[in-house]
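Both complexes shown next keep chain A, but they swap its partner, so chain B is in the first and chain C is in the second.
Here is the complex of A and B:
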């Protein structure tokens, strides 16, 4: 990370918020996540032009334009791929990928697995509300199997996806769970995720008050994780497999070195590459 | 009859076939290198069975006294170390009554398909002869035989053997002895034409189209590549991996084509010229995101090394059937650039040009290469240096009230690069206003559609839009790997006193109606030549261009390469009409 090397004066969280009015419903958890994200940037004394927020499609994926950072609002499900390309091409930037559970775990599920494996030094913030909100209420991979909807009457019958366990198994180097209703803790967790080397994954429980109003109860259900994070993947797996999904905090920190692209032993001018073709 | 008395020709074609482990590719490559060393032009294509490793294979080499970009109508010589599954390749190795067929009698009789051609058969006991030579192998006998029959000097053949077996020792001695046994066996075989005197020496390369395209990309400024393996584009990516690292760039292997296209969009958004290479199935997966590149105005280059489609099709064979998807694949009104190289060497220029166009116009560019060039290895004139480089218009720091998608006269608007203060913005696939704010307003949609369309007309495509050659009131319009065979057909027709014009389109999109009209002025018949089942280029030309006189479509699908005779016959027929 090159954050400390920046000479500019530290900015307030507000300096990272754009003047665009979000499309989100009143009461949406994503407002708090936006606040937490900008607070994290301020905490780390970053400059907006040295941050890129990359997203796919969905309610939460609108977040890049609500910041004053560089933003990339791409196609559905491919935020992690675009973020990976950006970070590898411009390693000095702070790269945040952000989006929802449908974008990240369903259409983008393959990229999630491989981003964890690849362990590029970037942070992935998923605003998980267990529903497709932009298309008005269809079950996502984290939706309970019996949740009734127009598209899947009586429920999908599919087991809910456990993103943290999957991230751990696939190799993510930093895993945390946050709750949108506690923006200060979320800001601290995102800041820690950005500072951690390699691929950092922050799953934020972010209620959808429109299609999942019962998620208002999350406020009473969440708690600080009862134990300190572990660097032991087996122990972390056991905890993540057995908790009720409401433990908030850093849950796993690994020690894998961040991904680097191949560096040649010798450097050449482009014009010299033709040597191998000459007869 | 000593081979010294054989006819001398400007082009000789040889195929060497055999089953897995027989080493026919090694022998073929060595023949290609020997021809290069002796000062000839040459081109080698290959064919192999479906096995991942081993399996029957054929190396097809054409040696010529002049530059060549395609295969000839027939092979003058087929050497088969055995006949295992050779029927699979029979159609790719057309023989005639003047051809010479050499096979190992201990491996059985030549198959009917070759016998029927009337080719003269001579048995050579490769396996038995190789057994008598310590460390000798049948493929080295075949190499010596082929080299001697086409008229390459024994010393040239020996130097290639030495070069390819740098360890020396018994293995080298065995290979040299086997090669010499082949040269001796040649004395008993008549009827193979010898190649004429080598042309004057010029600077030349031995290169594949995939390598040339990769090098063109680097010359154009590409410094980021995302790669997902797919036949026949893999070698382009594999060549670029170490080469990019040497020039300070980066290549990452992606988990799928959806990832690779989005990785390059991310890298290019970050200001680094970026490319991926794929083939039809991968291009299909990338299409949605190429549309993102168009709307968000992120320059990228996608090389499509076309293979036989649709679906998995025939992965190792050429077909020019991705014209439609490259031109029309995107949903919405999506102006972009499509270019097509028309020779192995031109893969360099065209890919370099594609980078230049993409960067200058802030638009995705698709390079429609094809398997024939991609995987052909050829001796070519060293391509001329061209100055095309990435020329992206960027926004300076703190530009007053910066508008990323400003509606400018040219349509091109300065692009802020992350890291630049005061001009941050969000690149968006949603329709947007000039600032980049998502907008569903009709006026914004129309203004941005027109801006994006206008960009493509804002640059001078110069003389590179097509190769235009020849005179006369007959014309052939073609592109890609059909160009070489069309040129040969023209040379033959000229010998018959029939002259025609060639337009080999390098720039497929945006269409250049004014330029084509000028190129075809006075033409009364047009033949559109392409290698696909439905005449995709013909249909595109009919929709975008006013073509003069009678227009005929000559199209047929792969996997067999277009051959000069097919086009020559059409020209002669016309000239009599």
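Here is the complex of A and C:
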């Protein structure tokens, strides 16, 4: 793809969808998240060659292939590491990291903390279905402690991870919760997240109809957040600690400036560095 | 990813064993396609000033429905449920025809732009747009038609509400015409459903289920 400096006509969401047809289970919430993502790109009048979608591994992490943007379907849990490097090397690109709760909070949990802390200007979309969908239904960090299955008889008994509180404590600059069953609101939230400076985190409740069929009921359980977002981290923390995980909307917007590299341009070429490291 | 992709839509007895999951247990939740409205957004009918405004809404509603049915057809095709894929493809074509007809009637060469702030629907999306989570890989044509009927009824209610709430004579007349058209669509889908075999109670039984714990 070549990047044109000319202003280009606004594209329809469909222009951001590739010819690859998703292989997600019929009914999976991730179809809707794909639709929201492409709607958000169209809303912001972006061009596919100015966007990179970076993921790890999981059903949800297949998402880059279904877009016409640059994509990187990387290593399990490492979407944020790859996305951070990419954004710092190519700051002109709109960088989206995307994946699941297993990818982002389990194996990728450490990267999640530091991505929030670093506050690099990018957007992280997590399709949270409280389960490892791709590997056939193991509990994830966001699984309820009493979720009973053959793989976790009687439930794990472990307290569920609260990604929004963790993101806030670690320094994310924009925090929102969305619901896959509401693609238009989700598109608007993703668009707002992309427009916000720094590290934006959008947790999307995205039902896994195969391993968590009861999540079809989420559409009766979610509600618009009863209060406006706050820029007061202490107030946001109290709200996020006490909500039941079903409030939809922007929940926190901070004012930290996005991280930028301060390193002056080096005169060294990669070959010089190789020379320095030669054993 | 479920192994459903490799399978055809074979159905067998005995009936599926209920899966174990956390409280509250929803019996057969996996096999029920419950067409219920979401609770997140509840807005009233959009403010419409003129006939062009009304027809723009009518166009958006049909176009969105067509796009969604196409996506459903693709999903079903990926999972080898060809019969239902074909039916969704047909529904997509029908809705697209309705949308094209509106463009033609209005003499529009391009789809109408959404109003500032976007289309305002009573639910989460247009009233004829099916919910992504209403699909099941083993669903049958009857289920697909139930979805279509649910959507046509919602579209009918949408235009009927506009008739009730619109003061202007011309918009009201056009809304009444649209409501009558939707009533006719409801009747057609009901007829179609009558000609379509009802699924057996164990339609969702999968001899090789994706959930190995089943």
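In the analysis below, the second predicted complex is superposed on the first by the 257 of 279 C-alpha atoms of A that agree within 3 Å, B and C clash if a C-alpha of one lies under 4 Å from a C-alpha of the other, contacts with A are read in each partner's own complex, and residues count from 1 in each chain.
Here, a contact is a pair of C-beta atoms (placed from the backbone, for glycine too) under 8 Å apart; a residue touches a chain by one contact, two chains touch by 3 or more.
Computed from a predicted structure; not experimentally measured.
Touch criterion met: A:68 reaches chain B, while chain C stays clear of it. Looking at the shared chain after the overlay, A:136 reaches chain C, while chain B stays out of its contact range.
In the superposition on chain A, A:151 makes contact with chain C only, while chain B stays out of contact range. Contacts of A:47 after superposition: chain B is touched, whereas chain C is not reached. Once chain A of one complex is fitted onto chain A of the other, the partner contacts of A:244 are absent, as it touches neither chain B nor chain C.
In the superposed pair of complexes, A:275 makes contact with neither chain B nor chain C.
When the shared chain is aligned, chain B comes close enough to touch A:83, but chain C does not. Within the superposed three-chain model, A:266 lies in touch with chain B and out of touch with chain C [touch as defined at top]. Here chain C touches chain A in the complex through residues 1-2, 4-5, 19-23, 26, 29-30, 34, 36, 38-41, 67, 71-72, 74-79, 81, 118, 124-125, 131-137, 139, 210-213, going by the rule given at the top. Across the interface of their complex, chain B is touched by residues 20, 47-50, 52-54, 64-65, 68-75, 77-78, 81-90, 92-93, 110-111, 113-114, 118, 261-264, 266-271, 273-274, 277-279 of chain A.
For chain A in complex with chain C, the touching residues are 14, 21-29, 31-32, 35, 59, 133-134, 136-137, 144, 146-151, 155, 179-185, 188, 207, 209-214, 216-217, 219-224, 248.
Chain B makes touch with chain A in their complex at residues 36-37, 203-207, 211, 215, 218-219, 223-224, 226, 241-243, 245-248, 250-252, 254-256, 258-272, 274, 288-289, 291-292, 296, 379, 382, 416, 418-430, 436-438.
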